[in-house]
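The following pair of complexes shares a single chain, chain A, combined with chain B in the former and chain C in the latter.
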Partner chain A sequence: MTDALLDVKELKVYFPVGNRFFNKNSLFVKAVDDISFRVQKGETLGIVGESGCGKSTMGRSILRLIEPTSGSVKFKGREVTDLSKNELRKLRSDIQIVFQDPYASLNPQLTVESILGEALSTHQIGQHAKERKEMVTDLLVNVGLSPKHAGRYPHEFSGGQRQRIGIARAIAVNPSLIVADEPVSALDVSVQAQILNLFQHLKKTYELTYIFIAHDLSVVKHVSDRIGVMYLGKMVEQAGKKQLFQKPLHPYTQALMSAIPSLDPDMKKERIILKGDVPSPISPPTGCYFNPRCQFRMEVCEKVKPREIEAEPGHFVSCHLYDRDIHPNPTEK
Partner chain B sequence: MMTKTEGNLQPVVPEELGSASLSFFGMAWKKLRKNKGAMFGGAILLFFILTSICAPLLTSYPVNEMRFDESLKAPSAEHWLGTDEFGRDIFTRILYGGRVSLLMGLVAVSIAGTVGVLLGVIAGYYRRLDLYIMQLMDILLAFPSLLMAIAIVAVLGVGLTNAMIAVAISVIPSFVRVVRGSVLAVREKEYIESARALGVRDWKIIFRHILPNIASPIIVLATLQFGVSILAAAALSFLGLGAQPPNPEWGALVFVGKSFLSQAWWMTLFPGLAIMLVVLGFNLLGDGLRDALDPRMK
Partner chain C sequence: MANTEEKELLKVENMYIHFKAENGGHIQAVKDLNLTIKEGETLAVVGESGCGKSVTSLSLMRLIPKNAGYTEGKILFEGKDLNKVSEREMRSIRGNTMSMIFQEPMTSLNPVHKIGKQIGEVIYLHSSLSQAEIKEKSIEMLKKVGIPRAEKIMDEYPHQLSGGMRQRVMIAMAMACTPKLLIADEPTTALDVTIQAQILELMNELKKDFHTAILLITHDLGVVAEMADRVMVMYYGQIVEQADVRTLLKKPKHPYTVGLLNSVPDMNDDSDKPLVPIVGNVPNLGVIQTGCPFYARCPQAFQKCHLENPPLFERGEQWVRCWLYENQEVIA
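So, the complex of A and B:
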């Protein structure tokens, strides 16, 4: 495999809970628990999972907006977790983030021009004010807004327009990787499509690589090349888009897929209804985290954590069902 | 670098979006102008500020010169608000006293505001120091503010400057609490996170992103504390701990007047009214500002 743009290994983000003074290090929320993946230049990695499974925390810990507890994040071959504050600041222009809530992600006191201008001036892009002003105009045009909007305040825009400003701020510093943290889930369905198309359009223009976090499978299917499925802080399955949608391997992924409504009323699909709730990330089940809800549960699932197995080329799954050492005949479930 | 997109992306929004862009404070001013109470309060304050500044133009009597033949004269056409025991014109003394009283409020609120905002931002933004700063503030808050001001004056010594410092210190905790709380709310907003994601420096995040967004509660608090400070300063002077005779500070005027309450009610009533009106003005304006600056009160 060629050198990946982003190489994440065994990333963990734990948050201590409870009274830290009396019972030191006793309880942790394991928001991200041992996740490894790679992102190649130019591809879009979609991350799906239900709310609270650690998708956003993972995205933010790559940028070190939340400090990772342990693990390695290599960006363009450089270790991100070791960078000093100043080195990290320089890296900021290369990795950017687009947030979920366009109503909270823009400073209400600043005009669009100041918001975008700050991005430019922080990284010394553009020599003088006039040049930056032209750049702001270009940015606005590139995200489908009018240059006339530069002098306006965020409250004068709709949600979709605000999200465009947020995207413009991210691309202003010419990043190579953008972490999109549920960028469309706060928007109307009709606006979602526009924003998704904008993402695709910008990807070509600026040669971007995306990590696209979402909980909507159809959205992820539309934009991603590869998809990672997260459950309770773990990446349970990773595969190319087609592989994953045609042949989901992990029982959790299969349950997710079966929940996608079909347009064909005659097609009878077998719905897999998951029992119970997501366990608490403070005290996850032993063995495989999914075992209490899994319909194919075996004895071993309650005791041993599954390894990540390459079941097919490029298709990784963490499930004992596909581990030949445990389950000699993996094709039969 | 900045490549123009091919394939002509259509602007998806209508270009005319209302006429003029109003900033947040522009809109707040519009709302404030409709608030009658706030405008009345503002008018009272403007009146007292202007008359204090223009005092020499409004009266021909000297402030401190004693004329015993004129002593304890009731209000008349000659002396609008009467004279005190030394024959000094009360109206003149209130005009000049306004300079002292308003200045005391201004200095006290400026000191308390600067220190309070600084400590509040540090406590709210750099959480490591939060506990220590807030416990210090809790200790200060445990004392009734006037009692503490008296104690501070007792330590520093009697006088106008020390009274101002004492009032400022007793007001600081309320600033710290409000600022810290507001910073805590704002620092979790995604626009702060996006500024951090861009690599914007801490001091720039504080001054550009946090302070403008917590300006509303600070402005409201400063206005209300202005009234409180003037009242506290007058109280200190009334107790003989602040401005000393012959300084015409309003609290000092009331202090002197109370000995002649039975013979010359005007010596106490008019300076007292001045204090009351100014404090009322600040409270009305502060309440109006709170309504105008609160984004939920559309």
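So, the complex of A and C:
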């Protein structure tokens, strides 16, 4: 396999809970629990999962906005987790993030020009103020705003326009990887489509690679080349978009897909309704984390954690159903 | 599909909702709204933020504070004009024959009272049951909405429950007095898809069991396809289109409805073609404009659209507010 742009191995992010001072053996929320994946240059990896599955934490820990507990994150062959503060700052011009809430992620006291100019000057892009000003104008045009918006403050914009500013700030420093954390979930559908198209357009213009995190499967399907499905801090399934949608293997992925209401009122599909809620990540179930809600549960699922299996070329799944050592005929469910 | 011979349960005629604006003027959040809901029917109201769909639902329950704004027009519920009845009478209707579930299950339950007390209160107010019977009925309702260990949950506080559980409790409260009309304002927006599927299934079951009509307010066209018999699309405080669910989703007429449907990524489409978004943004309600409010974003706009706001052209069950359909006898 060629060298991936980003190679994440056994990434773990644990948060301690409870009183740590008196209790040395405190509990942990395993927000990201042993996740490995690669992102090739120029592709879009979509990450889906429900609230609390750790998808945002994972996105942030790649940039070390949240420090990983253990594991390795290799970006362009360099280990990110070992970088010093100065080196990390340089790295951040190469990996950028777009946040979910365009109302909270822009400084209300700065004009758009200062918001974008700050990104440029921090990363020493552009020789002098005049050049930076021109760059800001170009950026605004590229994200579908007008140069006259440069002097305005964030509150003067609608949600969709703010998200465009957030995207302009991310591409300002010429990154090669952008982590987009639920970038359209706060927007109305008509505006959401505009922003999704903008992401596609910028990907071509700037030769970007995306990690696109969202809870909405139809959005992820629209933008991604490959998709990873997360459940309770684990990556339960990973495959190319077509593979995943034509033949979802993990019972959770199957349920997730069947839960999405179809736009066609005549298409009444067989729906898998999951029982109960997502268990607490502080005390996850033993064995496979999904076993209490799984309709194909076997005895082994309650005891043994499933390992990741390449069920088909490029299609990874963590489920005992597809493990030949446990299940003699893995294609049958 | 609802039976066409069903009785009209709610009929709203020429409703306007005004809010006081900062500058001393008024903002019309809803303009000239007409709607009817028959018994046992589900009517979905769709639109983007700020289109007036939530305000409409609050106004039907008379939950808009008097000092914030006022409602004009007739709201006939079982023949009674809710805009005219006394506050006392309104209280006997709310939660009894007409009830509501809200979007945010986190904030719509009282955090300092136990679940049992909150459900019991609804039953206590609208029936003459004894304490023991109220408790029994509350537990029965909790079981009906699929809450495991219902007896235990009676003694728990809202913060001990997950979002999906809280929404089930809200539904149990709303259905406790078997209302004729349930208003559901974005009931699943705050929930994950797998939980949303559970709640939607539950609402459909309850609708069948109790023959309750549902006014479903949502922005999610997938939920509409799943739940509704009829759909009303709102834009800028007005109805722009109304039709039965099949017609609306398969043969939308109004350019805004068409735009909305094109903006949603289709799960069944494997091609990588770009989405067709609606250009621009939803206009601000405070800005008074002439012509059709969708004019600036409409790909099919012509000169008349700029000059005059179109009326609703009614063709039987289908209504469209668009000049394109002015001279058509039948909306083909």
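Everything that follows uses one rule, which is that the second predicted complex is superposed on the first by the 327 of 333 C-alpha atoms of A that agree within 3 Å, B and C clash if a C-alpha of one lies under 4 Å from a C-alpha of the other, contacts with A are read in each partner's own complex, and residues count from 1 in each chain.
Everything below uses one rule, namely that contacts are C-beta pairs under 8 Å (C-beta built on N, C-alpha and C of every residue); 3 or more make two chains touch, one makes a residue touch a chain.
Being a predicted model, the structure only gives us computed values, none of them experimental.
Engineer: Clash or fit: chain B and chain C on chain A?
Structural biologist: Chain B and chain C fit side by side in the superposed model.
Engineer: Who contacts more of chain A, chain B or chain C?
Structural biologist: Touching more of chain A: B.
Engineer: Once the structures are superposed on A, label A:151 by its partner contacts, choosing first (chain B), second (chain C), both or neither.
Structural biologist: Only chain B; A:151 stays clear of chain C.
Engineer: Which partner does A:123 contact after superposing on A: first (chain B), second (chain C), both, neither?
Structural biologist: The answer is first: A:123 touches chain B but not chain C.
Engineer: According to the stated criteria, A:99 is in contact with first (chain B), second (chain C), both, or neither; which is it?
Structural biologist: Touch partner of A:99: chain B, not chain C.
Engineer: In the combined three-chain superposition, what is the angle centred on chain A between chain B and chain C, taking C-alpha centres, to the nearest 10 degrees?
Structural biologist: 80
Engineer: Answer with first, second, both or neither: which of chain B and chain C does A:297 touch in the superposed model?
Structural biologist: neither
Engineer: For A:161, is the partner it touches chain B (first), chain C (second), both, or none of the two (neither)?
Structural biologist: Touch status of A:161: both partners.
Engineer: Output check: A:305 vs chain B and chain C. Expected answer is one of first, second, both, neither. What do you get?
Structural biologist: In the superposition, A:305 touches no partner, neither chain B nor chain C.
Engineer: Between chain B (first) and chain C (second), which does A:12 come into contact with in this model arrangement: first, second, both, or neither?
Structural biologist: A:12 contacts neither chain B nor chain C.
Engineer: Figure out whether A:111 sits in contact with chain B (first) or chain C (second), or with both, or with neither.
Structural biologist: First partner only, chain B.
Engineer: In the overlaid three-chain picture, which partner chain does A:194 touch, first (chain B) or second (chain C), both, or neither?
Structural biologist: Both partners.
Engineer: Quick one: minimum Cα-Cα distance, chain B versus chain C, in the superposed arrangement, integer Å.
Structural biologist: Superposed on chain A, the two chains' closest C-alpha atoms are separated by 5 Å.
Engineer: Once the two structures are superposed, pull the chain A residues common to the chain B and chain C interfaces.
Structural biologist: On chain A, the overlap between the chain B and chain C contacts is residues 158, 160-161, 194.
Engineer: In the complex of these two chains, what residues of chain B are touching chain A?
Structural biologist: On the chain B side, the touching residues are 1-7, 9-13, 15, 17-18, 21-24, 189-191, 193-201, 208-209, 212-213.
Engineer: Show which residues of chain C lie in contact with chain A when the two form their complex.
Structural biologist: 48-49, 148, 162, 164-165, 192-198, 200-201, 219-223, 225-226, 245-246, 249-250, 259-268, 270, 274-279, 281-282
Engineer: List the residues on chain A that touch chain B in their complex, please.
Structural biologist: 60, 63, 65, 88-93, 96-97, 99-101, 104-111, 118-119, 122-123, 125, 135, 138-139, 141-146, 148-149, 151-153, 155-158, 160-161, 166, 169, 173-174, 194, 201, 205-206
Engineer: Can you name the residues of chain A that touch chain C in the complex?
Structural biologist: Listed in rising order, the residues of chain A that touch chain C are 50-51, 158, 160-161, 188-194, 196-197, 200, 215, 217-219, 221-222, 242, 245, 255-256, 258-266, 271, 273-274, 276-278.
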